[in-house]
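By letter and in written order, the chains are A, B, C, D, E, F, G, H, I and J; residue numbering begins at 1 in each of them.
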Amino acid sequence: MRRDQLTEKILDIKRAKGWSWKHITDAIGGISPVLVVGALLGQQKLVKPLAKKAANLFGLSESEERLLNEVPYRGMPMPPTDPLIYRFYELVMVNGPAWKALIEEEFGDGIMSAIDFDMSIERQPHAKGDRVQISMSGKFLPYKYYGNEEGIQETGTKED
Amino acid sequence: MRRDQLTEKILDIKRAKGWSWKHITDAIGGISPVLVVGALLGQQKLVKPLAKKAANLFGLSESEERLLNEVPYRGMPMPPTDPLIYRFYELVMVNGPAWKALIEEEFGDGIMSAIDFDMSIERQPHAKGDRVQISMSGKFLPYKYYGNEEGIQETGTKED
Amino acid sequence: MRRDQLTEKILDIKRAKGWSWKHITDAIGGISPVLVVGALLGQQKLVKPLAKKAANLFGLSESEERLLNEVPYRGMPMPPTDPLIYRFYELVMVNGPAWKALIEEEFGDGIMSAIDFDMSIERQPHAKGDRVQISMSGKFLPYKYYGNEEGIQETGTKED
Amino acid sequence: MRRDQLTEKILDIKRAKGWSWKHITDAIGGISPVLVVGALLGQQKLVKPLAKKAANLFGLSESEERLLNEVPYRGMPMPPTDPLIYRFYELVMVNGPAWKALIEEEFGDGIMSAIDFDMSIERQPHAKGDRVQISMSGKFLPYKYYGNEEGIQETGTKED
Amino acid sequence: MRRDQLTEKILDIKRAKGWSWKHITDAIGGISPVLVVGALLGQQKLVKPLAKKAANLFGLSESEERLLNEVPYRGMPMPPTDPLIYRFYELVMVNGPAWKALIEEEFGDGIMSAIDFDMSIERQPHAKGDRVQISMSGKFLPYKYYGNEEGIQETGTKED
Amino acid sequence: MRRDQLTEKILDIKRAKGWSWKHITDAIGGISPVLVVGALLGQQKLVKPLAKKAANLFGLSESEERLLNEVPYRGMPMPPTDPLIYRFYELVMVNGPAWKALIEEEFGDGIMSAIDFDMSIERQPHAKGDRVQISMSGKFLPYKYYGNEEGIQETGTKED
Amino acid sequence: MRRDQLTEKILDIKRAKGWSWKHITDAIGGISPVLVVGALLGQQKLVKPLAKKAANLFGLSESEERLLNEVPYRGMPMPPTDPLIYRFYELVMVNGPAWKALIEEEFGDGIMSAIDFDMSIERQPHAKGDRVQISMSGKFLPYKYYGNEEGIQETGTKED
Amino acid sequence: MRRDQLTEKILDIKRAKGWSWKHITDAIGGISPVLVVGALLGQQKLVKPLAKKAANLFGLSESEERLLNEVPYRGMPMPPTDPLIYRFYELVMVNGPAWKALIEEEFGDGIMSAIDFDMSIERQPHAKGDRVQISMSGKFLPYKYYGNEEGIQETGTKED
Amino acid sequence: MRRDQLTEKILDIKRAKGWSWKHITDAIGGISPVLVVGALLGQQKLVKPLAKKAANLFGLSESEERLLNEVPYRGMPMPPTDPLIYRFYELVMVNGPAWKALIEEEFGDGIMSAIDFDMSIERQPHAKGDRVQISMSGKFLPYKYYGNEEGIQETGTKED
Amino acid sequence: MRRDQLTEKILDIKRAKGWSWKHITDAIGGISPVLVVGALLGQQKLVKPLAKKAANLFGLSESEERLLNEVPYRGMPMPPTDPLIYRFYELVMVNGPAWKALIEEEFGDGIMSAIDFDMSIERQPHAKGDRVQISMSGKFLPYKYYGNEEGIQETGTKED
């Protein structure tokens, strides 16, 4: 059984039961709904206690429960053709250079981790139309200048 | 003069002067530094009063000031090869399906606007290493079911 | 069941019954035929009352009716190889720069929404050969210059 | 001189003069502003009388005037990364299958011409935000079933 | 049933019967063999009387006959990897610029239609090896310079 | 000097002189205008006597004349974005499978050469609009079944 | 039945029987093993007497035998990801320009045919490690300078 | 000045001086030669004391020294066409799935950092031909299962 | 049976049995776990004695055992979308130019073989978080300057 | 100076002098003309004594001579659009699977080296048209089954 087949089966059960994602993530609990839904859609691993809860909820076999506990081959085809996902892609495409400039100036050479990372999505009521509020934070990981036995640093104090 | 030539000129001046982005965005002010830096890198338009401030700061000609006030052809080549920008791209690639599921369940059929949108980037101090904190919100735009003269709605109340 | 499998089933029934799209969209009604056909081809969501009508018409199961009510992963592979669809793609490719220039001059920095959008397709009789008449309108969405606490505006009046 | 060099020169002059596209298309006149702007951006040919007017307006050399009168190599790189142009691309990507189904049912096998084609863009005032109104019509061109010596037709009347 | 499944079925029958394409196109008749073979391979529509003949010949069901009468999603993956088809692709790739220059000089701004188009393929005996002789003609379609209320023309006579 | 620089120079001269392609190909003569124009656009080699004529006509240096006599790196970016050239590309994409089937049935396994090939383009007057008439023929080249020491043939006569 | 399904069946039988390619090509004989293996892998046509031998060897049905006798849609996805095939691809990528220069200088404007072509692969024993020895020859095909009524030649003798 | 222009200048000086990379990295010192060479080729940032040393060595201006101290837009076009670099690409392409399986089994869900990473390249003498010995280590970064308020763990102990 | 089907079967058995890769590679033994796991995932060949062990372990048929012994079509789609594998890809993309410069300076013109290659992956305990330690070595293969009858060498001694 | 600029300069001199490649490779000598021409076109390194000869022949500066002695970034854009080079690409695309099968059966798991490789191109006179005769040989490199401490071999003798 491939992971995409398990995803299709889970979506079939969700549809037949008429469950919402909220119902499902409340029942499984434990971690962020973004991660639980991601796992059920085949993009994340569910740790064992949660995989067991998901298996109970959906009536999965033991093998299917274990498949949920495996790390999938993550990622989807790009560029995204779906408008909702494309808007996020566009944000990266238009703002990428400015994010790079500002993060590097504030933190130095490195990246915001996409692994040691968390996020939440919330509805922000607004008179002119509600807004999707997304908060995320990722650990800043500085580039390691290896082979640096003399302790050379950016501030250049050692040179002075 | 093409916009990328103006960007190169601005970066040359910034480097020669030894200015930080913070110095520049403080001097220009008015709107978010993300947008000001984006404009100087060729991805956003600077409204007239800000284009004038930028021109004064960098000593630009009137034509260059006007070019900053034009809407550029936005976007950069994808996929991004730079690791810092790629991590954002990866977040979309891995989480896109879950974002779609959760936003559509909460808001209905539609998208989070990438145009009526705002964001901020901040440093979040953390004992195990500071984090990049990004907050963003975009207006939710529902798909318009046009030609709907009878006022058909998702809740189906009209049918009953 | 995947959405493309439901589309194939619906097309099989349409063919077996010998129904036209007009017959189908008249029977389902409610919203524009462009949207109803789009939904049956797997590109749009049918709201519940219409999904019920479609299910009755095609004799679909409750799960299939619910699948029609889900927001699909929209989009098709590009560039389109089919000549009819390609001509629209070509119009974007050839006229895109002029549309951008004229819309931005008239409306300012922003986009025409592809979400808050409606359209109609009609036959326009013509002595030298009938024409396809397409009318569409999309809400103009101005770029939000966020972080704009001082109310900086394009017209620059605040500066004076 | 390549056409893109002439476009850059024209945009430089437009910027230096502070002209709007409306000023330019009023001065050149004759045909739709969509076509005139398209020509100045390097996507259309200007017929001789209009090329002369454009040359007078911009102070172009005779060779540059003739270059405006040449048919350019049309088209731009796709997919468009600019949000304004991308929304049109997305409309084709999401609605292409429905357009194909409806046009073929109404007109038979063929295409809407992208050559014998006209369009207009207008502002449509609206209480909830003005809209971009686009009207376009293209001649329907039926596929020719060549080698049809017996006059075989879709209606099949000849067979009876 | 998808069109490619019908194509596979037709090729299976052709192979089992040992029929040549000539036998098949003679039996179906009516239009050019290029079109009939194209339709059986899933690239063209067969009008009703011919779809009936094809259905009789291949023993197809009524649904399959109707599928042959539908306009397929035309096109194949490009670039073609098969040498025979690639040679035609190469002819376009090498000669495209010259064709454009010569057709535009002779006919003006426009295209040769690929829709109002006919062609024939014949064997041309030759002492040094027979040749494939292809004749094709497509209607020239001039670009419409819409919004041309003053009757501006290329020859510029109106200006004088 | 690269070939594309020579092409740009030749087009500049053609424009400055106001020459048509017909004037140029009449002056150079010798071979098909398709080939001469192709060479001047950088896709074909001009043999020495013709390169000399072209050099005289355009006032080229000896090095430029020799460059015209070199075999260029043929081909242009694909898919073509220009509508005129795209229509030919589309003909290959839609008709490729049928051409392959019919040519292989008539000639056996092999290809129509794109090298030992000739073509002509002519205007075909027509009451409903003139047509572009293209005639081309290419030598059929049979696949060589090498290592065939026993003279195995398709007809299988040797087996009997 | 598609050709790739027949290939899979043939490989299943080969594996079940434990046959080597040498055993198979010896049994079928007639032409080069490169071609026979190519045909069984779906890239070449087997002429009738050999298709019959192959059918006898593998116990194929008459339809499968005929499928082997058909010209397949040749080619595989590129670039090749398999290291063995990639090395050949790399040879073309690195040496292509030099091959073009040397072949054109020796033979004139034209190509080495990939159709009227033969090759052999042999083991070349070598003290430092055996080598793969590949010999191939293809007919040189000169570009036809059509429309050459005056017999214009490269050597230019006619001009004198 | 763009970074690629600085790289070209540095390579010109290196060539004119006849310096080896070893000479250069010995003179600049401080960190691994892989990083120093990477910076001079435009892929890494040189911290200030090293940028100063590099500027002294190459006789660079202050602006050029500062450019070396900037974080470049990292990355190169892929797939690499150069054989030396391609072999590394191939190693990822062939071994990626096994590396993923083994690292995830040993470390759990996460990645090996490409940022907190070090490596060395050495010559390993060998009787049958010297070998390139590469040692690298990257910090393992576990996926953060955020929103995990209950301390759910993979081992499932909490559930018991 | 295709290789990917065998991989899916093996993964199903692994999951049902609850085996780790370590359990499997210990049971099969003989060569590096990287290679054994690679073979079970469809990227490597298992030599006969190991294929037999694997077949015994997984209860495979004789045909399946032989399939494990075949050289697969190696490689996976690129660029990798999975974050773990992407990080290796990124290392090549960012460091490729420096690796090329340093290896060529140390070894001369040539490559590090990806075939005569070995590697190991180990956990490296570290106070700030364990690290993935990868060691690899590949034989250096010098470009052969063939046709070198005079023994021309890089050192140029022969010239002196 | 970039390598492509040196190539352009060399081709300009070759054209101005009217030299053939034969003249040039005879003058430089030492190694195969394929390699010398490849180096002058920017795909190979010329060892020092040959770089000196080339520099003398073309009157190059010392820096240019050293650039010829550097290993270039090898490779060209693929797929090749030029017909001569494409035919080689096509040979790989059509014959790749058969070459893989036959080489692996004869030599075992491994590749034919594209580095320890030699080739020659010769004219083969032939009554029906001369042929391009290409001979090449590459060292076979067996995949190394590393971690093989027990001496496991394909023949399986150890197991017995």
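Please note the rule applied: contacts are C-beta pairs under 8 Å (C-beta built on N, C-alpha and C of every residue); 3 or more make two chains touch, one makes a residue touch a chain.
For reference, the UniProt names are A, B, C, D, E, F, G, H, I, J = Cyanate hydratase.
Note that the coordinates shown come from a computational prediction; the quantities given were computed from them, not determined experimentally.
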- Task: Please find the path from subunit A (Cyanate hydratase) to subunit D (Cyanate hydratase) through touching chains that uses the fewest steps, and give that number.
- Result: 1
- Pair with more cross-chain C-beta pairs in contact, given I-J and C-E: I-J
- subunit B (Cyanate hydratase) and subunit F (Cyanate hydratase): spacing of chain centres that average the CA atoms, whole Å: 48
- Query: What is the distance in Å between the mean C-alpha positions of subunit B (Cyanate hydratase) and subunit I (Cyanate hydratase)?
  - Reply: 42
- Message: Distance between subunit A (Cyanate hydratase) and subunit I (Cyanate hydratase) based on Cα centroids, please, to the nearest Å.
- Response: 29
- Cα centre of subunit C (Cyanate hydratase) to Cα centre of subunit J (Cyanate hydratase), whole Å, reads 53
- Item | Of all residues in subunit H (Cyanate hydratase), the ones touching two or more other chains | 33-35, 44, 71, 73-76, 78-84, 90, 93-94, 100, 104, 110-111, 113-115, 117, 119, 141
- Message: How do the chains pair up in terms of touching? List each pair.
- Response: A-B, A-C, A-D, A-H, A-I, B-C, B-D, B-H, B-I, C-D, C-E, C-F, D-E, D-F, E-F, E-G, E-J, F-G, F-J, G-H, G-I, G-J, H-I, H-J, I-J
- State the interface residues of subunit J (Cyanate hydratase) toward subunit I (Cyanate hydratase) in the complex, per the touch definition above. 29-35, 44-45, 47-50, 52, 71, 73, 100, 104, 109-111, 113, 115-120, 141-148, 150, 152-156, 158-159
- Query: Can you list the subunit J (Cyanate hydratase) residues touching subunit E (Cyanate hydratase) in their complex?
  - Reply: 79, 81, 83, 86, 90, 93-94
- Task: Spell out the residues on subunit D (Cyanate hydratase) that touch subunit B (Cyanate hydratase) in their complex, using ranges where they run on.
- Result: 8, 12, 15-16, 18, 80-84
- Note on the structure: In the complex, the residues of subunit E (Cyanate hydratase) that touch subunit C (Cyanate hydratase) are 1-2, 62-63, 66-67, 70-71, 73-76, 78, 114-115
- Message: For the complex, give me every residue of subunit A (Cyanate hydratase) touching subunit B (Cyanate hydratase).
- Response: 20-22, 33-35, 37-38, 41-44, 74-76, 78-80, 82-85, 87-107, 110-114, 117, 119, 121, 123-124, 126, 128-141
